[in-house]
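Chain naming follows the written order as A, B, C and D, and within any one chain the residues start at number 1.
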Amino acid sequence: MSDHKIGVYVCHCGSNINGVVNCAKVTEEIGKLGEVVVAKDYKYMCSDPGQEMIKNDIREKGLDRVVVAACSPRMHEPTFRRALEGAGLNGYLLEMANIREHVSWVTKDKEEATKKALSLVKGAVKRVKLHEPIEEREVPVTNTTLVLGGGISGIQAALQVAEAGHKVYLIEQKQYIGGNMAKFDKTFPTLDCAACILTPKMVDVGQSPNIELYTSSEVIKVDGYVGNFTVTVREKPRYINHDKCTGCGDCASACIMKNRIPHEFDEGLSKRSAAYIPFPQAVPLKAVIDDENCLLLTRKKCTLACVKACGAKAINFNQHETIHEFKVGSIILATGFDLFDAKRSPQYGYGKYPNVINGLQFERMTNASGPTSGHITLADGTEPKSVAVIHCVGSRDENYNKYCSRVCCMSSVKFAHLVKDHCDAEVYEFYIDMRTFGKGYEEFYNRVQEEGVHFIRGKGAEVAQKDGRLVVKAEDTLLGQYREIPVDMVILNTALEPRVDAEKVAQTLGISRSGDGFFMESHIKLDPVTTTTDGIYLAGCCQSPKDIPDSVAQGSAAAAQSLAIIATGKVKISPISASIDSEQCAGCQICIGLCTYRAIKLNEETLRAEINEAVCKGCGTCAAGCPSGAIKVSHFNDDQLLAQIEGVLA
Amino acid sequence: MFEDFTSEIMSYPGGEKITACMQCGTCTGSCPTSHAMQYTPRKLISLIRANQKDTVLKSLDIWKCASCYSCTTRCPRGIKFTDIMYILKNLAWKEQTKKENKDITGFYSAFQGLIEKRGRMNETELIMKYSFQTNPAKLLEFAPLGMKMIIKGRAAFIAPKVRNQDQLQKIMKLAQERGGE
Amino acid sequence: MIAYQYYPGCSLHASARDYDESVKGVLGCLEIKLEEVPDWNCCGATITPSLNQLQAQILPARNLALAAENKGDLIVPCNACYMSLKKVQHNMVKYKEIREGVIDIFSQTGLSLTGMPKVRHLLEMIMEDIGLAKVKEMVTKTLKDIKIVSYSGCQLVRPLGFDDPEDPQALDQLMEALGAKVLPFSQKSHCCGSSLITTQPELAFKMVDSILEEARKVGAEMVVVTCPMCQLNLDAYQGQINNKFNRTGELPIIYFTQLMGLAMGMSKSQLGIQRGIVSSNKALEKIG
Amino acid sequence: MAPKLQLAIYWAAACGGCDVAILDTDEKILDIAEAADIVLWPIAMDFKYEDIYKMEPGSIDVCLFNGAIRTSEQEEIAKALRARSKFMIAFGACAAWGGIPGLANLTNREEIFNTVYQETATTINEEDIRPDTNYPGPEGELHLPRIYDRVWSLDQVVNVDYYVPGCPPTPETIWTAILAIVTGNLPPKGTTIAGIKSLCDTCEREKTEKKITQFKRPFEIIADPKKCLLEQGLICCGPVTRDGCGHRCTNNNMPCRGCYGPSEKVSDQGAKLLNAIASIMDVKDEKSAQELAATWEDPAGTVYRFSLAKSLIYDYKKGGE
């Protein structure tokens, strides 16, 4: 075996590592190993002087392998690879031992921590000897972008990419774009009307020559990799010919199911027909026929009143779903959120008492074009004289979601203002902490306090019905007393949750979700827009609950990421990939179904499996599954891993 | 032995999460007897956190818990407040602060006395014992109800007991000694 | 014939004899064999845990030790006993000091806790093992839309119970299967005050009153219960409470097993129905 | 003519099938006898241990050693034979990877003794007598071999030159091995004398992309003789097993049991197969995976039927005791 010259560098990470692990001792011990020609520890290995130290040693001592014991490779592997390359060594001749996340952050006992760190570094030394130089690959980029989700952040992202002159495919699951924001009346803190600021953007989307809009559509398959994705989209039939439909609504008036189906856009507060216009400002402003309720489509029996009523002859019951395939360079995910179903907390009486409603229902109620034409009304049609707003329903609660939903404090304050404004009722806000952190937010809170709203510090614990009125039970914690406050209406400000299909979307796109169920960003602070899959970016509430300004900002940020790839024209892709030794392959085909990226195919002539390395992501699933040991993943082969284990156990 | 009252509470099963309290008052709002409390459940947590052991253990409020577990199931921070109430009553018992609330705690000692002796409970005997230990006049209050129960055949006069009383008494004694460590 | 072990608890031998009678009657009809745990003792209810935590584990644990390992699940009709027994099992798993304490004490007295049976409430067993379909089959005399509210109480559903702690469903479903009309009731799992009724009646009376008052307001003819403590508080104290709060209208408080028995054709006296302090006669007139 | 080959055949922890397999070479046994002097074959001829100790180092040309090592006696004889043999051949699955006796490694000596000397329904052993290595008999102290806590493959105890796989090796395999030795056409040391790739390579059943929806045991179904057995839910060890047996099992519509051991690039036969099967289970989530897995009878005994002693966690050289 040829002798290597290995340099080992142990990082203190300030006191992050050195506070627990005795870095000097690890360095001293590791320096005693054969083939380790230099072992050093340093306060911040990732800093310029730290990197220089490594580079100098490579040049002066002729190192051919480097081990850095520091943080997670997710954090600084690229940094140190660049350092190696700067000194003329292939970046893949590096191995990192994670002695921060895996040791110092999770171990209290200093001696045990030092021992564990030493074991991990030994494993890395043993392994790095078997590393081979690998060259990164560069591939050209398709200059189109796919935006998934047509809410405010998706619209923002799509418009920005389109304005830069590049093609965008905007895919929306619903029949219209605008998302949840389209349902709002006023927006905090300035009380702009949501429609006034959103509608122009929606119209721009409809008119932009660079945006191809697909509503009633969903992504069913994503193949490929950064710069070269192939996305398959299924478009559901609306049974309306878009070219002919004028959006007049005659079909809706004629439909015999008129006023019989709870209207989703009004959160069930109004009824619609089976043929209907989603809402007056909808983009596209076209009718849609709901195949779950249309009598013709469900029971094959109907008077076809809609067809008769349609002057434009736009109704077509022979439409089928269409499958589209797009080649795109990057994907922006802006799929938004779902509202927590308040029925999961039966103590609040949602679904049981008609005057207990959720925030979106209140939004619809106050919206001038909503079901009550902007009037706040009780189930019996009268105006409430007192209203309670309960914060944190389903948020900040171990029983449901531990996180704070971030927007509810401000929207609750807005609700209070709107109640005051519309019917001057007494308003009681039950809150745990008031979180009004944005620009102009605290000022708005202050203004609403001055309007005479009662802010009660205590979480609403229960809503009961007593003598025909609702009663909110809570502790007024500032008073230190249990209180029962009778009101006419209760608004439950419910949590923003990951969408019900988040897992499916994550799987289709091959991205991760964080513990709270939202899509996971690369780095919560420094890289909140990119995902761990290159070329897929996040915008808006699908990453975490956020308000309109933040959603818009993130939409723009995601657009910038996408444009950056287009501007460079090419991307580097990871050289780590699997390969099949056709001499060993027995053609059993176990691997083929395992590959998430569809990179493996059977060669019909040789009856051996073959990997398309351009598509392969190097995940290793096939190598683990291959029973005959014919598949190897470069940089992660059996010999390397076994050597590492041997080193750790030594 | 303990740095403060909070760490003492945390050392008992069920008391672990007390420091996670965010003082939202869900416990109080859910409690069917908090309306009658000077120190509501949330406040009791505050008092524990403020190391006011004496105030807490002498309080009548800890004897107002009906063990309905509403606070426990609703607590957004997973604090088992019903268990904490039990811990507080245990400590009040041990440290003799129970004497502050003799009228009520008398019932507990009557009940416990019967169990330790015989292993099974007899409501008739319990009421009599409780009344004699606290205020014999109470018997008069219970009498009309007692009569009805007798008529309906729902009062037992022969004191029930377990057969292996030695064993029962021994395990109860061992538990008592061990708990006293 | 499925066999179960039975832990009646103290009340069922005294103030809740009617419950015991109806349990045995109904399970007999269903051909279910109950074997009483030999020499069982009181579970300690909410009293012993208030005084000494380890004793509070020891009492239920002795019953679990006396129950046989392989003679079927341990069926408990009382909510408080159910919770006490279940909780000690939970604590034994979760807390090392409790586990060691109990094992150490038992080892000195020849008791052993190997192979504890599964603890289940009677209602849980009926819903899961027998099932509504079988119950419906057994109904020979439907309850003819007699209007009831079902009151599960606390410790059947909290903190380790088998049904939704805020809005329990099992009792509603069972009653509907018998042909009763179940009215919406928000107090299903609110507390009856348990032993506070003796020590601090002013607190418990208020709790019982709000339960009874809502039951009357929604138009119930009876309140169906699953626990002897709830029954006692709602039934025996009802007169005093109605006087105190100036309420009119007596509401019979009936065990779910008594209604099951009636629907299955048993007689009132077999089921101990005459033992209720508030008479059920009027409410049950409809079904003769 | 070259001097006759000095051949020793020894039997350790094994069923005896390997010895029978040698006889199974039919008329070729005569050719073997022609080419070789059998200097030791306890199953067929009378030998004493002293006969072995009397032999000079190198006096045996080839030792065909079958059976695994699980007693002190077997270890001692293996070492004695190794010292006297030019070529030590691990003959059959037991010698090569522990074989079926190797499954004893799933438990330990204590447990096995409990079962054998106490717990079986037909055992009455009131005094709880267990085998002892020293027994003070009337004729003086008697010594019995000690049973080890685990089973070892031959190469974990002594150096092995070649492996002849199979349970037992097929006559063709045996003949190929003997021919190679007699003619001096020897492959590099450490070679397994059989195929290189996995059995699937030469299996003619029709293979497609795999998904297992249900595990089946051979007696439960009559398998489609044309289609891959694994795809039909039978656990066929073909994908991880060395080719060379002539498809005896699969040709008779039975799944491969893995007796030819891991193919060339596979280091841990059982783990590889387990991985492969887990990968093709047709499940959506953790729960359905557990449900499906629960229907698989004895996974450890299936995937490691012959190679547990050589699985990664057990594969280390036996030290001195």
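Things to note:
In the analysis below, a residue touches a chain if its C-beta (ideal position, glycine included) is under 8 Å from a C-beta of that chain, and two chains touch if they have at least 3 such contacts.
This one's a predicted model, so the numbers in the text were calculated from it and none came from an experiment.
Taking the mean Cα position of each chain as its centre, D sits at the greatest distance from chain B. Counting C-beta pairs in contact, the chain pair with the largest number is B-C. The centroid of the Cα atoms in chain C and the matching centroid in chain D are 62 Å apart. In this assembly, the C-alpha centroid of chain B lies 67 Å from the C-alpha centroid of chain D. Each chain gets one centre point, the mean of its Cα atoms, and the points for chain A and chain B are 49 Å apart.
Remark: chain A and chain D have CA centroids separated by 53 Å (rounded to whole angstrom). Residue positions of chain D with contacts to 2 or more other chains are absent. The multi-chain contact residues of chain C, meaning those touching 2 or more other chains, are 166. Contacts with at least two other chains are made by residues 73 of chain B.
Contacts between chains, counted with the stated touch criterion, involve the pairs A-B, A-C, A-D, B-C. Contacts from chain C toward chain B in the complex involve residues 10-11, 13-18, 39-42, 44-59, 62, 91, 94-95, 97-98, 101, 104-106, 108-111, 154-155, 158-159, 165-166, 190-191, 193-196, 198-200, 202-204, 207, 236-237, 240, 274-277. Taken together, the chain B residues at the contact with chain C in this complex read 12-13, 32-33, 36, 63-64, 66-70, 72-73, 80, 82, 86-87, 89-90, 93, 103-104, 107-108, 111-112, 115, 119-124, 127, 130, 145, 148-149, 152-156, 160, 162-164, 167-168, 170-172, 174-176, 178-179. Put simply, chain D touches chain A in their complex at residues 197-201, 203, 207-211, 228, 230, 238-240, 263-267, 272-273, 275-276, 279-280. Residues of chain A touching chain D in their complex: 581, 583-584, 586-590, 592-594, 621, 624-630, 638, 642.
Note for the complex: chain C touches chain A at residues 164, 166-167, 184, 186.
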